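Same chain, two partners: chain A is paired with chain B first, then with chain C.
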Partner chain A sequence: MRFARTIAYALALPIVLVAVWWFASAGSTSVFWPPLSKIVSVFGETWTADRWTGDVLPSLARLAAGYAVAMATGVLLGVVIGLYRPVRAFCEPTLEFFRAVPPPVLVPVIALFLGYTGDASKIVTIALGCLWPILLNTVEGVRGLDEVMLDTARCYRFSAWTRLRQVVLRGASPQIAAGARQALSIGVILMVISELFGANRGLGASIVQFQRSFAVPQMWTGIILLGVLGFLLSVLFRLVEHYSLAWYRGLRQADRGA
Partner chain B sequence: MATALDVRGLKKTYTTGGTSLEAIEQLDFSIGQGELVCIVGPSGAGKTTLLRCISGLLDATDGVVELDGAAVTEPPAGMAVVFQEYGRSLFPWLTVRQNVELPLKEKKVPRARRTELVDEALAAVGLADSASSHPWQLSGGMQQRVAIARAIAYEPSVLLMDEPFAAVDAQTRADLEDLVRELWKRLGVTVLFVTHDIDEAVYLGQRVLVLSNRPTVILEDVAIDLPDERDQLTTRSAPRFAELRAHVYELIQKAKKGERPA
Partner chain C sequence: MAGTRPKRVAGRGRDAVLGVLGLLVVVGLAEALPRLGIVNDSYLPPASAMFAELVDQLGEAAFWTDLGATLRGWATGLAIAMAAGIVLGVVIGSVGFLRDLTASTIEFLRPIPSVALIPLVVLLYGSRPTSALILVVYASFWQILVQVLYGVADVDPVVRDTARSYRFSRLTTVRTVVWPTALPYVMTGFRLAASVALILEITAELIVGVPGLGKSIGVAQSSGAVEKTYALVIVVGIIGVTVNLVARALERRTLRWHVSIRKEAR
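Entry: the complex of A and B
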């Protein structure tokens, strides 16, 4: 019963918005603002198997690759910077500067070095954009590790590997997850932006091509698809987070109760 | 009686920038195998500094700490520490069983023996039924029991306890005091128990080392000649308990006024 109500609450607003769009656009004769019924009807014919394998999946694969690179580098560097005070003092101002640079401006720079037609440059764009929130949150998380917990690990003579895996990474994981969540939405944005320059295949590139060829309903289907994919990715993320950080939720609830 | 822990000429001075603070002036004492010794001192007497030096978490400025004849330069294998902040010493992402087991895994204890040790330790502290809970699902007193179980499962030759019951309520504290006495007697482990609570020190210890205020020296090594069988009711109401308590109390008052041993 409670579950049903939660679902109903979550779905109510989207249903209302779709309904409003449906009826408000029903009689539209504007080329740029086609009726929603028209957009829905071309969805199937637009996103064919070829489109999925040639555009959507490669885009998602690049996102996954860039995101994975950013996670690995961000967590690794973050642990090193967070654990060693001199490294932190040395790096931190520079990191703050790089964080302040909006990731999309990197696109022309990367294009200079790598060209902008291949996968590498797009993956690098996504990775560079995702890196900062992961890196900075990891640094914060590692720095905030409890002294007593680290002392405990030393007293029981944990090996460096166990300390890293069981204490440092687990202890910093709530913060790392917060960074990873920010990074995911940045990644989706950059996945699209990276395809707006010099790409002819990809989800973002398709949307631009539809727009340039005045295939307006098709363009709208691309935007809807992008929104749905972004939404599904964040649901997936939250699912993973829900299970891996169950202890953190419990701990916080217990702290509030006390 | 063989010596388990030997502290000779221990000195600790903190130096930050140009200023230096002498925390421990000079400490000499030794603890025999199987003894239960309490250290009590006025607040700010450097109890925690002393414990961190003994456990190898902090380098002493001078002097030596020896555990079973070997100098302590880093946390030694034969020592387990129970910290005051149980909530910060247990790993919240691990279950109770995993918390107790992890140090044993690090010690490369074979799996079967590990399971045995963990089961025994949890049963000994009365938490056999909570093995699969997470620490934060338990009360403060129960969490400290988990920390104690982790320490005894480790089979240390010396167990250090740093004001372990300062953060639990009075009734729980009495139960935990009796638990420490019981485990000490049953396992024959050497215990060094640091506290600021005079009653607790007299009730638990065979000896009570009273510290001066900073820079710390030992004001007196008080032998607690109470019977070995102790319980909260009769021991605490015994006339001898009151005398010892009064004596230690006086010493602490003197320590606060800055009295040094002659």
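Entry: the complex of A and C
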């Protein structure tokens, strides 16, 4: 009964909103706001198998590659910077500056170095944009580690590798996850922007092509697809976070109960 | 703990020196790499050339017009998003029925990348400032709304019930119970939204061509004015740092009474 109520609550407003969109736009003759029925009917013919393999999947692959590079570099550098106070003091103002530069302005700068037609420049853009939140959050997480815990691990003669894995990375992981979540949404933004700039193939590039050729219903299907992808990525992220940080939730609950 | 104080201050002084040193090393590298021919100077001009160009820019009227346009777009969008986010957040957060009803919709709409709206705003408004405004408001609104919702949910049930027992009016409850609890969250939301708003403002200028610093960066890059590209990127970076610092200072000031800040200050 409770479950049914939750479901009803979760679905009620989305259904109403879609229904309002459907009926309000039903007779629409405006070029910019085509009827939702039209958008739905062109969805299948727009996103064919060819588009999926030629545009959508390459976009997602670039996002994954850039994100992975940022994750590896960010955590590695973050641990080094976070563990040693002089290194941290040395790097912090510089890092603060680079973080504050809005990532989209990287696009023209990277275009100077690599041109802007290939995959490499786009992956570099995504990686550079995602790097800062991951790096700075890792630094914060490592800095906030319990000194006693680090010393205890040393006293028990844990090897450096074990200390790094079991104490440092584990202890900083809630913060790293927070940074990774911020980075994911920046990554999606940059995935789209990098394709808007160097016009060739990709999800973002297709949407702009639709817009430039005034294929408005097709453009709407692209916007909806991008929205759904953004949503699915955040669900996926939350699942991964849920399982990898299960120990942390347990710990916090225990703290609160005590 | 008077004894530990001078040591800590000395440590902080050393940190500051190291930090400045770090910045100088980066600037030094940016000067040396192109001068020594390790990096082609048509990709990365020497730092001195960037700064010389930056100083030149300060004398140009066009630069100040761009800067004004960027800051205006950013501030307007942020203000609208703040107002809408706080009002809706407090209303939705205080009414359990609304909270349950909207949760799924908010969770769905929030992760939609705001850049997905770029083609739509281009069709509707072209490169007018309205395009940038819509993107900025959309992106920063969710940051604030979600934080306000967390904040309102954090109100101590006992305090809430006490207020009800004393027959506080709804408005008084919001003013004296809900708002002070939610304020730290609101300020976090403000800090996040301020930087997101800047990102979207610059994006809109760069991609859509709304007048502002972003547009000038794009123009400078495509016309081969490399020094100017870097000079403007540095300016945007400085704006970003300033926005962060101001947001943090504002956070400290409005939350002076709050436990978390009082502890830090001690």
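As a convention for this text, the second predicted complex is superposed on the first by the 248 of 258 C-alpha atoms of A that agree within 3 Å, B and C clash if a C-alpha of one lies under 4 Å from a C-alpha of the other, contacts with A are read in each partner's own complex, and residues count from 1 in each chain.
Just so it is clear, a contact is a pair of C-beta atoms (placed from the backbone, for glycine too) under 8 Å apart; a residue touches a chain by one contact, two chains touch by 3 or more.
Because the structure is a prediction, the values reported are computed rather than measured.
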{"item": "Which partner, chain B or chain C, touches more chain A residues", "value": "C"}
{"item": "Contacts of A:V109 with chain B and chain C, given as first, second, both or neither", "value": "second"}
{"item": "Partner chain(s) touched by A:R154 [first = chain B, second = chain C, both, neither]", "value": "first"}
{"item": "Which superposed partner A:D146 touches (first chain B, second chain C, both, neither)", "value": "first"}
{"item": "Touching partner for A:A254 - first (chain B), second (chain C), both, neither", "value": "first"}
{"item": "Touching partner for A:T162 - first (chain B), second (chain C), both, neither", "value": "first"}
{"item": "Partner chain in contact with A:S30 - chain B first, chain C second, else both or neither", "value": "neither"}
{"item": "Contact residues common to both interfaces of chain A (with chain B and with chain C)", "value": "none"}
{"item": "Contact set on chain A toward chain C in their complex", "value": "6, 9-14, 17, 32, 85-86, 89-94, 96-105, 107-109, 111-113, 185, 188-189, 192-193, 196-197, 204, 207-208, 210-211, 216, 219, 222-223, 226-227, 230-231, 233-234"}
{"item": "Chain B to chain A touching residues, read off their complex", "value": "55, 57, 74-75, 77, 79-81, 83, 85, 88-89, 91-94, 102-103, 105-107, 134, 136-137, 154"}
{"item": "Touching residues (chain side chain C, partner chain A) in the complex", "value": "14-16, 18-23, 26, 42-44, 100-105, 108, 110-120, 122-124, 195, 198-199, 202-203, 206-207, 214, 217-218, 220-222, 226, 229-230, 233, 236-241, 243-244"}
{"item": "Chain B-touching residues of chain A, taken from the complex the two chains share", "value": "146-149, 151-152, 154-159, 162, 166-167, 170-171, 173, 247-248, 250-251, 254-255"}
